[in-house]
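Taking it in order: structure first as structure tokens, then the write-up.
Letters A, B, C, D, E and F name the chains as they come in the text, with residue numbers starting at 1 for each one.
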Amino acid sequence: MRILIVNVNTSEAITEAIARQAQAVAAPGSEIIGLTPYFGAESVEGNFESYLAAIAVMDRVLAYDGPYDAVIQAGYGEHGREGLQELLNVPVVDITDAAASTAMYLGHAYSVVTTLDRTVPLIEDRLKLSGLYDRCASVRASGMAVLELEAEPERALEAIVRQAELAVSEDKAEVICLGCGGMAGLDEKIRQRTGVPVVDGVSAAVKMAESLVQLGLSTSKTRTYAKPRPKRVIGWPAQFGR
Amino acid sequence: MRILIVNVNTSEAITEAIARQAQAVAAPGSEIIGLTPYFGAESVEGNFESYLAAIAVMDRVLAYDGPYDAVIQAGYGEHGREGLQELLNVPVVDITDAAASTAMYLGHAYSVVTTLDRTVPLIEDRLKLSGLYDRCASVRASGMAVLELEAEPERALEAIVRQAELAVSEDKAEVICLGCGGMAGLDEKIRQRTGVPVVDGVSAAVKMAESLVQLGLSTSKTRTYAKPRPKRVIGWPAQFGR
Amino acid sequence: MRILIVNVNTSEAITEAIARQAQAVAAPGSEIIGLTPYFGAESVEGNFESYLAAIAVMDRVLAYDGPYDAVIQAGYGEHGREGLQELLNVPVVDITDAAASTAMYLGHAYSVVTTLDRTVPLIEDRLKLSGLYDRCASVRASGMAVLELEAEPERALEAIVRQAELAVSEDKAEVICLGCGGMAGLDEKIRQRTGVPVVDGVSAAVKMAESLVQLGLSTSKTRTYAKPRPKRVIGWPAQFGR
Amino acid sequence: MRILIVNVNTSEAITEAIARQAQAVAAPGSEIIGLTPYFGAESVEGNFESYLAAIAVMDRVLAYDGPYDAVIQAGYGEHGREGLQELLNVPVVDITDAAASTAMYLGHAYSVVTTLDRTVPLIEDRLKLSGLYDRCASVRASGMAVLELEAEPERALEAIVRQAELAVSEDKAEVICLGCGGMAGLDEKIRQRTGVPVVDGVSAAVKMAESLVQLGLSTSKTRTYAKPRPKRVIGWPAQFGR
Amino acid sequence: MRILIVNVNTSEAITEAIARQAQAVAAPGSEIIGLTPYFGAESVEGNFESYLAAIAVMDRVLAYDGPYDAVIQAGYGEHGREGLQELLNVPVVDITDAAASTAMYLGHAYSVVTTLDRTVPLIEDRLKLSGLYDRCASVRASGMAVLELEAEPERALEAIVRQAELAVSEDKAEVICLGCGGMAGLDEKIRQRTGVPVVDGVSAAVKMAESLVQLGLSTSKTRTYAKPRPKRVIGWPAQFGR
Amino acid sequence: MRILIVNVNTSEAITEAIARQAQAVAAPGSEIIGLTPYFGAESVEGNFESYLAAIAVMDRVLAYDGPYDAVIQAGYGEHGREGLQELLNVPVVDITDAAASTAMYLGHAYSVVTTLDRTVPLIEDRLKLSGLYDRCASVRASGMAVLELEAEPERALEAIVRQAELAVSEDKAEVICLGCGGMAGLDEKIRQRTGVPVVDGVSAAVKMAESLVQLGLSTSKTRTYAKPRPKRVIGWPAQFGR
């Protein structure tokens, strides 16, 4: 089985980290292909960048010319998943959803710890639209930007741990979701520090994608995610930025 | 005051119809500028097309090189409004929101009558995110595609009236919102046929945009709609399709 | 166009302040008529007083013997708007709704800063019934009574600013609504102090009323706001207190 | 123990019917006093009439010059209960709430069958504000006006039974609430016809009022229902209509 | 009238305290029978123990061989009430529901103060399922285990008062519900300390049970609480632990 | 990896069917152990039977004396999952949750088709508590009892297909969940007949359990699902029925 995992950021370093984490948890027969969009923001932290990433992710997946069995969109709280679901016949898994739906098996309520405060409303909104918000105790910002996660790993870890601890003590979270594709790999450290299960969305998404493929399930083509109707579309397939 | 009204479809005919309707209800001093995106689908009827339109609308507004006081996004249930709010300092009004928030002054519950069934979930989701869904009795599809509205005006009117009547009798709507930018101008006919107030989103958006400008109010730059942080963005400003 | 703006309090000073603010933002052709109820509490701060004001406002509007195009009920979180909508054919705008629905165009969440703590549940309940509560971050009390707003403007301003700041920092509001007709005119000062847009309900209501009139829209007479059925009503038209 | 039960309509016949039903279910030591407001509509069927009744009920209770232990407001879906709670120290029970909170002990979901369609939104809104709406399967209108209930008892019974049956079969109600004070006494007949428990709000309210008195419980005077602050109130105590 | 009140704990001391409190508020003709389950945990403080109690309570009631008119399940936030409703023809009242539905007549919002933090989610979930959560300001834990309530009454009182005070000042509760059958009898002391009405679930349940019996109302046998279908059931009637 | 899958019914035939289906979708290294409770109803179709099953399932799992890595509770809409989560350290997956959370990856809304109408409220309530109800379009009953599914497979298939078709056309479901452990194996046939993805809860639960084990994730022991506190428990471990 081949799974495409698409970064929403144009940072190659993040793509590599995500793909590495994905491969680490993948089943023996699963091949992970990390993809970086051809255009968009180096790091996605807001609505404009997220909308641009939405299109860039669709563009990048369509440009991939081999066969594949599932697609993972590796951005936390980003736009675009519904578009991929329309365009593709294989299952599509967003790491925001995967982390949340996995966390709900582990505790009565979960919190998300993400990067900047400005991304909190995006994550909350995506969880609401996905129908996975009811058991969300809080979405908290560590104050670390996406690119700082890699540049200052020590400080990032402390900032994330601190918010995770507050989520447990103040918001009554029983599980923590790592709210950024770039946090992949921190789960074990944060679990040790907080004592609660920590869910990394990339890992959760890989298992969910594998499960769907193994069960022979894919996106319903009735109504919402039906194929786009044939029509004149200017500028697509995009060579935006190419 | 100059208000840009941006079509989400690349159909010039729809842009003209929208701008004409907008100008018809504009205050004496208001100049309406209709804009057509440089790329995207001729008619937007689903998530992929809507995401592409989101970026195309932002691109088109940024490419406009004169001064302006407000921007209207003239698509019903489409993505992208939050991105515009980040990028711009002037107020941004989406016709979906404008129709709903206006309708709520007129009756206890409102319904939306839109084009194809597949767009219903998009409209519902946008209204939920905008916090304007509580008094929504239903979103109903007429079965008419966007481009059929113009091609077959008689049949479109009948199909819309029929769903509006069902919204009133079955769903207990007391107001009808016209759920497509391309329906601008049908409001009076539908009101006569159904006996309830009919809100055209384009018209409502013009008055809301004018009001915000006159009150000196614009998008809060605290948190969600703060300017994007300076960073490397590949392929933007876009010349997608140009 | 003539717009009646009815104070819910029997304080003439507040009526004058409200009418002054309303006229200040009105369009060139709009004439604002401030009305004070013939009976009721000098300042309305609770359910009994609010119910009495509901009837007093209806009574006062019906007693007005000239023509008019719209009515604004200038009380925050007060009862009665639905009664006016039944009795009248012209559009009715409540300043609670107008502030909230305007604020929702400006940020992801809004807070209301009002007078006494006891009025908070009234405002929350009215916003819930109006379907405008989903994006309400909080309703906060300044602790200043209605009549203290005028008597001690300096202290009132400080108390309101303090709660507005907490709404932004603690409750994540991105917009502030001034939760009392008697706060009209403070918006600019509070905006300067908090850095977020501030919506005055009186001003917002004037623009909304003008917009509805210009669009030819008024209350739906289907179902909820149909004219009262003809029947024997004792003591009405009221000369309560006259 | 003496319980005042206040009709919201000015029809003496309805007051008598209500008081008779209340006395029939009252405990041995409970004395029921039926009160008719001094002003207001003969029958209350809409917002204007309901707001007028709200004040008329408060006025009537305050005019009662003997001692009493509890007050019941006998109107379904009417305004005003919160005002009484502020003004009085004894417990206040609204029949809308009493029927609903009693029904919730009897089945997984309940429906209300009321008079005219226009009163349905009022009932729904009151149940929402009272926090008793979650288990409401539906509010259905029989199409019979309040005064027709007495004038045409046979036709009324059939119309109510028909809606009750639909509530059970279509809306999955397991209990029916009689949604009008004037329906008191029909419960047994409707139970026989539908096979589900039927709750009469007047009866339920009497038992709830007795229970609160026996438990020594009354309205909290903290915050929402604190006594009105001392202030100048014109036209009150009202001699509206006297 | 004979009312069975079933403890969920196997502690006889708690059964006695509950029955004593129940008898104290019962009407003259009401006989209270306290029952202790034959098996289960000495004190119920979590899901496993609560599920075991659910079955033990049903078992104990079925083993009672005299006639009775109503059954009260005296556990706060425990499982099982729906099972009793299926098995019995007489009304069933859970003290969690009784406290909440009574509290809602007394203030705009209520809080529950319970024992251990781990029981908070159980109580919240039961209130949600019962449709009584909307006006719940908070469920707070005193940190006192069930058996400590009796062993250390002074310390328990202080801990409960402290959380009740926080519920009023922080969460805006206007009424306090005592969230444990074992707290029966503390209501008056806590009322004096906090100044708000305090509802004891056992007392509230007795009055509600009496009311339902007096009104001739019992569980609907349509749909959810219909008698179990005849079928082979191994190990039931249970002699678990006997 | 060894996964225990526990039937909620005491029918051995159903246990075998469930285990067969589970093994069919299990990963190569996964060993499935089907367990039948020692006591309880032959088929579980209501609250009493479901509560008895809750305890019987916990009893049966604790009686299993080998090692295992995860437990699946194979009952749709049944009580008890939270108890297992407290008692065990390995992950616990309920098929109700597994079907729903899997379905949410496949379409905008899902419906459940179950057995008897009386079980519908149980399923709805469990989905609400699990936080997976938001995207539930409906829960529909086929009218077939659990044991009829095996006795009359042809008729059962037709009844389920009919409700699935109505769920798609009337309720706008885009995915169907099979709402009974005993329906395992029907998914492909129903998919062919309805054209939408069909999720079997048993299969979905197996993949979810495998995923959690592979990710090293298990139930949070903070707060809700902490181990029961040490205390005297009569009649446990149970030999109910043995």
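Please note the rule applied: a contact is a pair of C-beta atoms (placed from the backbone, for glycine too) under 8 Å apart; a residue touches a chain by one contact, two chains touch by 3 or more.
Everything quoted here is computed from the prediction, not taken from an experiment.
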Same or different, please, for the subunit E to subunit F contact, judged on whether over half of the interface numbers appear on both copies. same
Rotation in the CA alignment of subunit A with subunit F, degrees, nearest 5: 180
Distance between chain centroids, defined by C-alpha means - subunit A, subunit B (Å): 29
Taking each chain's centre as the mean position of its Cα atoms, how many Å separate subunit C from subunit E? 44
Compute the distance, rounded to whole Å, between the mean C-alpha positions of subunit B and subunit E. 52
In subunit F, residues with contacts to at least two other chains: 108, 120-121, 172, 223-225
Considering the complex alone, what residue numbers of subunit F touch subunit E? 10, 38-43, 45-52, 54-56, 58, 79-80, 82-83, 85-87, 117-118, 120-122, 125, 128-129, 145, 223-226, 228-229, 231-236, 238, 240-242
Residue ranges of subunit F touching subunit A (in the complex, touch as defined): 25, 27, 91-93, 97, 101-102, 104-108, 130-135, 168, 172, 174-175, 195-197, 199, 203-204, 207-208, 210-212, 214-215, 217-220, 222-225
